[in-house]
Amino acid sequence: MSKSHFKPVLALALMGTLALTACASTAGDSTSEAEAPITIGVLLPLTGPLSTLGKEMQNGYEVARTLFNEAGGVDGRQIEFQVSDAPTPEDAVSVAGTLSTDPDVTAIMGSYSSSIAIPASAVASRNQMPYWETGSVAAATTDRGLSHLYRTVISAAMPAYSNATQEFISKVAAPALESSPDELRFGLVFEDGAYGTSASDQFKALAGTEGYNLVATESYAANTNDLTSVIERLKAAKIDVLYSVPNINDAILLTQQSAALGFKPAYTLGNGTGYTSVDFIAAVGDTADGLVVADAAPLNISDSLLSADLSPTYSEFITAYEEQIGRKPLTHATLGYVGATVLFQEVLSKAETLDADGIVAAAEAVDLGPGETVASFGVKFDETGQNERAGWFFMQYQEGELVTIYPTALASGQ
Amino acid sequence: MTTIQILVSGVLIGGVYALLAVGITLVLGVMKIVNFAQGELLMVGMYLTLLLHTVLGLHPYVAFPIVVVALFGLGAGIHFGLLRWVVDRGHTQQIVLTLGIGIVLQSAALMIFGGSFQSLQIEPFRGGSIVIGSISIGTTRLAAFVVAGIATIALLFLLDRTLTGKAMRATAMDRDAATLMGIPVQRVYLITMGIGSALAGAAGVMLMPIYPVYPTVGVNILLIGFVVVVLGGLGSVAGAFLGGIIIGVVEALAGFWLGAAMSQIVVFALFIVILLVRPQGILKGDTV
Amino acid sequence: MSQQIVNRSSGPIDPMVRSRPLPKHSLLIGFGVVAIALLAFVSSSAPVFYGHMIVMTLIYAALATSWNIIGGFAGQLSLGHAAFFGLGAYTSSILFVDFGISPWIGLLIALLGGATLGLLIGIPTFRLRGPYFALATLALGIILLNVAVHFRELTGGHVGISLPPTEGWGTMTFLNRWQYVVIAGGYLLVCLLISGIILSNRFGYQLAAVREDEEAARALGVNATRVKLLAGTLSGGLAAGIGTIYAQYILFLTPDSVLGTAVSIEIIVLAIVGGSGKLYGPLLGAVLLIPAGQLVLREFGGALPGLHTLVYGVIVIIVILLFPRGIWGMLTDTAALINRRRKHS
Amino acid sequence: MRLSKHIWETILPFLEIHDVRVNYGEVEALRGATLSVNEGETVAIVGANGAGKTTLINSISGLNRLSSGSIMFEGQPLGDLKPHRLPELGIVQVPEGRRLFARLSVDDNLQLGAYHKRARRDSVKGREEIYRLLPVLQDRKDQLAGTLSGGQQQMLAIGRALMAQPRLLLLDEPSLGLAPIVVTELFSIIARIASEGTAVLLVEQNVSRALALSNRAYALQQGTVIMEGTGQELLNDPGLPAAMLGIAAAAKE
């Protein structure tokens, strides 16, 4: 019987040996012919609660890849994706480790959610693998100054982010209410997840510096099933402008229950994610009309507002997307498309070598001005890898569709 | 006035909790099994409602009987294929088995429907509410509450007045004695699990127009369901109904006074206090 | 004294008590050290995926082994064990990030914190029986999760805590994985040793007596409450320690990833599938399920979302139905049967 | 080999228990007990605590699994049947400690006694008969069973079993914990049931009363039958007190 104490130890040793043989068989064949495809590791949450927008972003990647490959790829070399699902931070570490040490993988793209991006990019940087972040807006992502991380999308910590909100409120929202920002009563409501808290922190800071009269601040768990108490508290605070940062299902709930409970602030300013998803539009339909949504990419803009040199053009992107996916792209698809296209066209195509150093050098050299991406913002990375030209946009639901209304230069409606 | 509105909303959402909790308490009372898959059964009910609407165009309230019968079948099937083998074992094995069943249902839903949030618009009810003075009552929530009440009363009638119901209660009280009287205990369990599951289905139908469905939607509601069951007294159907309303009101009031973020802490702290101070619940478990 | 009485009693604990000679702890240490060395070597040369798989397996094996003390040996179904794991992870991480205290010291403080929490939770909840205890621990886990979410100044809320990637033994942070294999493997070995010592001592028999029939155990003079409290304290402390190692490995904490109910459930599933109450059951469960889950996730994750959890659920159902004593129990039963046959022939 | 039912009934005893063994874990509670009951007969089983009496009666009604041996009822092996099918055949047990459905009314308890199909048809009439036989229940018909006195509970337990229209009534320690005057009443009721043609297998600690009532009796010790004979024979057997006092011997095991 005492022999049984060996068994687990032997089992563990056996497992190790198995792992050893398994790796011996997987490593080995790394060909680098001119015609061989270039592999990009795609790291996104494709299952679990984050999957809705993870998939939306993947759609953007796929369309970018199709268009880029059709246009000839990198000197004839096609782009291939190695798609990995990372539903939790733990899985993100695992997947990032695998991708960043795979000799076939040139760079990693991801990851939409900050809770995935933060651990995954840390692992990639430790393994000196370029990490191309196209979706996470949390400040912490680039704050750490990781060596191989580049973020094409805006950081909530950037002045541009707060400035856009401040300008929008003073130049669009307040005039629409025939008032001035310091006379308005503001309310803030957010889901207490990573996304909601970091976005609401920025708004609180803005309210502090601008002297907004923030009369109510409410948070709740995103998986709640009743928001009556939150709505009643907001109602009781008699607010004029509501700044709201929900996830998807609670965006639906908040909108529907507000309507049911007769809560209708003069102006509702929603922050991205929840309000721009397909699920939201499908659920609330025209109840959303009039709602203003802020997000990291504009929607439904016209080609004429962008650079004439842009190829593919905005409308080509929309057409390709509709053909491939079957509906119009939303913000996360657009952000994914922009990020991927910049990586393909500006980095991979222009890099002298496709190793980490070559990609880093090419990334540092990217210099796209306003209008040179389909999201209208330019791309230039600062020393932390943050795109300092990333933008922040305001759109409004008009007849069930999101129309860009700010910056006014892009406005196609109102 | 606001407090009344909060109370009304709490009572209404409490109806949904009650509907789920009544099913949990019934299975617990009769079979002595804590069913951790009850939330997933509700999720199945929601998806089924959605499917009947999108494929056959059925209004959810028209689909109600179909979903309830289908979920009865699913519950009975789960008993026949799985739970039957563990009724004699310890609660650890039973709990882990139902957890396993829940994981399987959740994964299956993810594979079939994907992870996105899907909701159902039904025109006559969407955003619809009855306004009395300054109190607004959501019609879909009111409907859910009414169904919860009717289901509870119907179940109480079944348990109190019919031979099948009495056999269920007898089995709950003394399984061996019931066997000696010729009561087919496993069939009673099958029916119990079927009814418990059908109640989860009913909750799913009523929740579908209120709340979007996604594969893990049941998890959070299930936890509240447990709180309600313990509050109401394990195995007490009437207690579960009352407990559902109390928890709905507590949650709403705590949310209003302390903020929504604190309401979860308050609810689960209340749960611990009940467990420690009055584990038998507000009504002793004597309905089943 | 009570041990003797338990020994003579005719309940189901009897065969188990009689058939177990004193474990050869030195053998366990010897083979454990060799296995860790081997695994460390493997993980330093194998692709990251396999290295990660080994580290995660060791971490979860240690976690499930710590759960086993209260959940298996004492038979108290704790559904909130993530509370200890998360407490340990947050304690050392906050000390490290905010006060610059080395994770090694953080680990010791986490151990103490977990043990204290185990004691504090135990005092009120061990009065509860069966499903009540399970539900109470479930609720406590949820409360702790909500506290971590709510008190953002301390924990960062859902945004989480990001640990600095400063490499070195002093900071318990490494670029490579073999060091983590050594640390987590060593910790697992400690958990196994403590469990083995418990099982071969009077304490182990007392726990078994409480598990099989608490009333009878009390009647035989076992101080059931004290025995359970001690088990809960040990179990909680060990689970908290592994939390620190996890935090230093992943370098990023969110409430859901260390305090979530899913973590608690995973721990139980590993232990039950492997064989709860058996010394090596939880280890076996982790060795079988963690790599299986990771492999399925890697192979099919993107294409067939949900498959890896489906496989998990199906394994749980099959094991519960066919091998109620877990896979370890099934293996030892089979071995005993073969032995008996051999003797007969 | 196929014989008509009539022939089976004439050659084979009503209930035949042959070399039955039952184990609880590693403990043998019954070690080869053999006994029989004829149609309409009252048979008592006496023995010390732990002699295996309750195990034996639970084995007949299917609550215990046999390790070996057989129990035949009118030529049919009972081991093949699910326990809940036995009342249909006419075998009904009144378990030790009454085991009433405490939070159901007296009337509901009786109604549940007549659960199997054959009895269910006569449920209403059956209850009237029980109330006539046991008038003490009539007045308490809507009371919860748990609120009755010990004696009333025992009457209800017997009444509940009678609702199933038994042909063989198994009684496990019916007099346990009852006042002497109630015990007398109880035994007169049992005698009345037996006189109406129902076979009774009675396990009792009250040895003298049980033996006086029975046609035949068996004494059990450590799971085997050590004595058998008419009630009077056993009563007069000098070995009986030793069998009853076999406590020390049994506990040594």
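Should a chain be cited, it is by its letter among A, B, C and D, assigned in written order, with residues numbered from 1 in that chain.
Keep this in mind: contacts are C-beta pairs under 8 Å (C-beta built on N, C-alpha and C of every residue); 3 or more make two chains touch, one makes a residue touch a chain.
Everything numeric here is computed off the predicted structure, so don't read it as measured data.
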Between B-D and B-C, name the chain pair that shares the greater number of C-beta pairs in contact.
B-C
Give the label of the chain whose average Cα location is farthest from that of subunit C.
D
Distance in whole angstrom between the CA centres of subunit B and subunit D is 42
When centres are defined as mean Cα positions, the distance from subunit A to subunit D in whole Å is 75
Cα centre of subunit C to Cα centre of subunit D, whole Å, reads 50
List the centre-to-centre spacing of subunit B and subunit C in whole Å, with centres computed as mean CA coordinates.
32
Provide the list of subunit A residues touching at least two other chains, using ranges where the numbers run on.
47, 51, 192, 221
When you check subunit D against every other chain, which residues touch at least two of them?
none
Send over the residues of subunit B in touch with two or more other chains.
110, 114-115, 261, 264
Which bits of subunit C are touching subunit A when the two form their complex?
19-21, 23-24, 27-28, 31-32, 34-35, 38-39, 42-43, 45-54, 56-57, 149-150, 152, 157-160, 162, 165, 175, 196, 249-252, 254, 256-257, 279-280, 283-284, 287, 291, 294, 297-298, 301-302, 305-306, 332, 335
Would you mind writing out the residues of subunit B in touch with subunit C in their complex?
28, 34, 82, 85-86, 89-93, 95-97, 99-104, 106-111, 114-115, 215, 219, 223, 226-227, 230, 234, 261-262, 264-265, 268-269, 271-272, 275-276, 279
Listed in rising order, the residues of subunit A that touch subunit B in the complex are 47-49, 51-52, 55, 192, 218-221, 223-230, 232-233, 235-236, 248-249, 252-253, 256-257, 259-262, 277-279, 282-283, 285, 287
Going by the contact rule at the top, pick out the subunit B residues touching subunit D in the complex.
163, 166-167, 169-170, 173-174, 176-185, 286
Interface residues, subunit C side, partner subunit B - complex:
71, 75, 77, 79, 124-125, 127-128, 130-132, 134-136, 138-140, 142-143, 146-147, 149-150, 261, 265, 268-269, 272, 276, 304-307, 309-310, 312-314, 316-317, 320-321, 324
